[in-house]
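Okay, so subunit A shows up in both of these, paired with subunit B first and subunit C after.
After this line comes the complex of A and B, so read on.
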């Protein structure tokens, strides 16, 4: 497509009006989530079926189909929204498409069975703001995902995109931009929570040219996908923030570091950069301001450690992605030893909002020390998994129960893990804690980049600690002794405890080792790695004791510490478990009590799940 | 010149020094394993940690690569520092119990036992050989490969490197390749023989009998 360069802020506004004039707001539009989650659930097929079906009905010119970014409700994908009414259809399968076209687009009625149904009241919800999952959120950043096609810059501009950039370039000095971000008290969303404005100022004032600005999209926490959704679904919001940052800092070259495991993010970002360049929003003399800036995409080879600032810059330089000692900050001496400002995707995406609406508006949201909103990846034992964006200060209970819809199968809530593998587990008694950077740190956990894993009563906390430590053993770069050796030893001890070889003194040794790792590790990975162990010991010490002293796993998770047996009184002799057992460990005849052979039993738990009478018991 | 405080003593230091250089200049004994004069500091073994700062906001930093600054307050032997160093030696010793260097360090620091399962690795991955080869010999024949527990020192692609001149500098500088000792006996216990015991050969001779100075290993074997 031929795009003319935008030469001034009024040019941008003119372009916006032209785009809007071409669009009829009353024209029916089908927005289909084409994010990675929904694509995995078969969104591609839904999209093609819609195209075929519209053609069949002769509606292809009447109705517009838009492949959008992820709206967050991944539990209920594929998500289809019909505009202008804004009807939300969830879990849409290709087979549902003809019905949607016929009923909704032609007859203007709802397809009841695809609407959100409240699990308790059975009430239907039609629009986004009626669905409890969305109702309690504040979707400033990902709210636009379902409205824009990430492969089309016009959609973003139509929503007022790049206005903040125009404002910054034409009406604000570089100092004013930094001052505004500082006043907004925007804290880094990548985990550390360092004030972005102060970091910008350090880079701006640091000696040395050129200066670099970098987007950190190397999201690697297990179960976290906030950055992916933003980068895939609304890349222009990040790019706009980056250009504004570059202007304020005085940088003319930027990088977007995306992990290669996010192919769609790489693709969409590439297209977005290309289109921004065509409009002259990147390159020389942006919007006639005389400011030059361009961005390159760098694909990370996929190492968790590369999300750490100095490791990421090493990787960008073409070296092994391993952290460097940084007693001199990367904002002063970073990429190629030049001042480099690295911020997370979400941090950059907040910038246009702050510039457009002002620091005063931004600081009206959130708590004393943490302003604005934060996107969390709500996963684990919770009914509505997906991405939730909430203002700081919301309680964990509100997130888990009001938005997340509580724990499945009426199980009891036990703990929530925040902050990814380096975060900690927060037990039930702190569920009314307000979520912000400082409160989570006080509880021994941390904000991290926004992973939130909910655990129910069937979760063994020692096993959880073991899982995260094993993850970190694999991901540690291995450079410094406390992290490499310490993590390996920690994993060894935790595995011993889970397998019934725990001994007195193990807990104390873990605590001592943790303290030293926190004190002496080279980078943030090693310094925060003991958090899952320390918090589980602190809040669930009785479980550790049960494993070590009584050789019991209270949650019945650790295989070495449990036995399956069949309750003779409850067993009806139905043969179901006997047939299901992959090891042939169950003996018995029809209508006679079955018995499990302990020697053959591999403790897979299939019999437990199969039995309808609750006759299989774990001890 | 910069002014800083080391263990309560106000001292003048050269601008380009690191904390370690400053401390050694003023006679403070800080143990190191991966540090050698003439090579860039690695910051890998972390044994040279010192506590900096005042009041509640203190932290541990590696002195080998921390540049001195005006008003810096350094303490080289606090409880926190000693606890960290002891744990680090214990971790290293559990990995590589047959290193005399490590056994000596352990004995000197009063590490009395190893609470982790003892392995028998040959290398502690301190990276001295890699830096030696690159910075002093100008060869870059060896480097690190692998991540985390897979990390190892090796020539590129595990094939003998063309640029290796067999100079032996890597072996010369290695703190564990040379100076092997019998390791802990029984497993998991620090022997401490070399450092704690007076050279045993002195009982029969007037002089230490070998270049390994005070270890006494050969003597003990003969007695058996």
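After this line comes the complex of A and C, so read on.
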């Protein structure tokens, strides 16, 4: 497409008006989530079916189809929104498409069964703001995802995109931009929570040229995917923030480091950069300001530790992505030993908002020490899983119950894990804690990048600790002894406990190892690695004791400590489990009680899942 | 090894050490793994010690120094998938294919790997075959998914004894 260069802020406004003039706000539009989550649930087929169906009905010129970014309600994908009314359809399957076209687009009626239904009142919700999952959120960053096609820059410009950049370049000095970000008290969203404005200032004042700016989209925390959703769903919001930062810092070269596991983010960001270049929003003399800046994408190659700032920069240099001791911060000596400012995707995405609306507005949201909103990945044992953007200060209860809709299958809430492998498990008694950087740290956990994994009574906390330690054994770069050896020893002890070989003194040994690792590891990975172990010991010591002393797993998770058997009174002799058992460990005949052969049983749990009568019991 | 192919890949990047990771990514995209002679050749062309090339190829998880199967089956073991039964999906896939995680079936049809989070946590447990995602997957459906990619009980060394 031939795009005219934008040479001034008024050019940008003119372009925006032209884009809007070409668009009829009353024209029906079908917005379909084409994020990784919905694609996993079959969104591609839904999109092609819509195209075919519109053609069949002769509506292909009357109705627009827009493939959008992820609006966050992944649990209910594929998500389809019909504009201009904003009718929100959930869990749309290709088979539903003809009915949507006929009923909603032609007859202007709703397809009731595809609307959100309140599980308690059975009331239907038609629009986004009526659905509880969305109603209690504050969607400043992720709210635009359903409105834009990430592959089309005009959608972003139509919403007022790149205005903040125009304002910064034409009305603000570099110092004023930094001051505004400092006043907003924007803290890094990648986990550390360090004030972004101060970091920018350090890089700006550091001696040495060139200076670099970097987007960290190496989102490795298991259970977090907000960076993916922003980078693949609304890449221009991140790119705009990055250009503003580059201007303030005095950088002319930027990098976006995307992890290898996010191919769609790489693709959409690449397209976005190309389109921004065509409009002259990247390159030489941006918007006639005399400021030059361009960005390269770098695809990671699969290493959790490469998300750490010095490791990420090593990786960009083409080296092994292991961290370095930080006698000097990367903001002073980073990429190729030059001053380099690295921020997380979500941090960058906040910048246009702060510049547009001002620090005063931004600081009106949130708590004393944590301003603005945060996107959390609400996942695990919770009804409404997905991405949730809320102001700091909201309680865990509000997130898990009001937005998340509580725990599935009437199970009991046990804990919520935040902060990824560096974080910890917060038990039920702290559910009314207001969520911000400082409060989570007080509980022994941390904000991290925003993963929030809900656990119910069926989750074994010792197993969770073992899971994180095994994860880190795998991901530790191995350079420093406390982390490399400490993790291995912890893994051995935790595996012993889970497999029935736990002994007195194990807990104390874990605590001692934790203290050494915290004090002496080289980087944040090793220093925070003990957190999942320490918080589970602190809050769920009784579960450790049950494993060690009684050789029991109260949540029935640890295989070595459980047995499966069939309740003779409940068994109907339907043969279902017998046929499903991969080991041939179940004996029985039709309409006769089945029996599990313990010697053959591999405890895979398939019989438990298969039985419709609740006759398979775990003890 | 086809030297022209590797030369072409290197020329698309700069013959600069900092381009080593993207070059290896492109070579792997071509061969599906990193044969030893390609690593030697790249080291020579970029004038970097072979140990550096080998260091990178072994440090990053996406590189494989062993030939991989036609289809790459990856099971997510991120936290959300873990609490929703990801390990059981992996065990089931191991049992069906008759191989352990990280191995390839004898007929080179399938390679099974685990991955530490694919970022579709809301849909756990998740399995990905090549680039197709299968979300909210119960263990009982794993075999059906594998059938779509040509799995038969003969595909694997020991598989199909179920």
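What we mean here is this: the second predicted complex is superposed on the first by the 574 of 619 C-alpha atoms of A that agree within 3 Å, B and C clash if a C-alpha of one lies under 4 Å from a C-alpha of the other, contacts with A are read in each partner's own complex, and residues count from 1 in each chain.
FYI, a contact is a pair of C-beta atoms (placed from the backbone, for glycine too) under 8 Å apart; a residue touches a chain by one contact, two chains touch by 3 or more.
Bear in mind that the values here come from a model prediction, so they are computed numbers and not experimental data.
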Partner chain in contact with A:315 - subunit B first, subunit C second, else both or neither: second
Which superposed partner A:481 touches (first subunit B, second subunit C, both, neither): first
Touched partner set for A:303, first subunit B, second subunit C, both or neither: both
Partner chain(s) touched by A:512 [first = subunit B, second = subunit C, both, neither]: first
Per-residue touch tally on subunit A - higher for subunit B or for subunit C: C
Which of subunit B and subunit C A:255 touches, first, second, both or neither: neither
Which of subunit B and subunit C A:379 touches, first, second, both or neither: second
Which of subunit B and subunit C A:539 touches, first, second, both or neither: neither
First (subunit B), second (subunit C), both or neither touched by A:133: neither
Common interface positions of subunit A, toward subunit B and toward subunit C: 303, 320, 474-475, 477
Residue ranges of subunit A touching subunit C (in the complex, touch as defined): 36-37, 39-41, 74-75, 77, 219-225, 228, 260-263, 298-304, 315-322, 377-381, 385-387, 417, 420, 451, 453, 455, 459, 464, 467-468, 471, 474-475, 477, 580, 582, 604-606, 609-610
List of subunit A residues in touch with subunit B within their complex: 303, 305, 320, 325, 327-328, 473-482, 484-489, 492, 505, 509, 512-513, 515-516, 519-522
List of subunit B residues in touch with subunit A within their complex: 43-46, 49, 59-62, 65-67, 80, 83-84, 87-88, 91-92, 94-95, 115-117, 124-125, 144, 146-151
Subunit A partner contacts - residues on subunit C that touch it in the complex: 16-22, 24-25, 52, 55-56, 59-63, 77-80, 82-84, 88, 91-92, 95, 115-124, 126, 131, 133-136, 138-140, 162
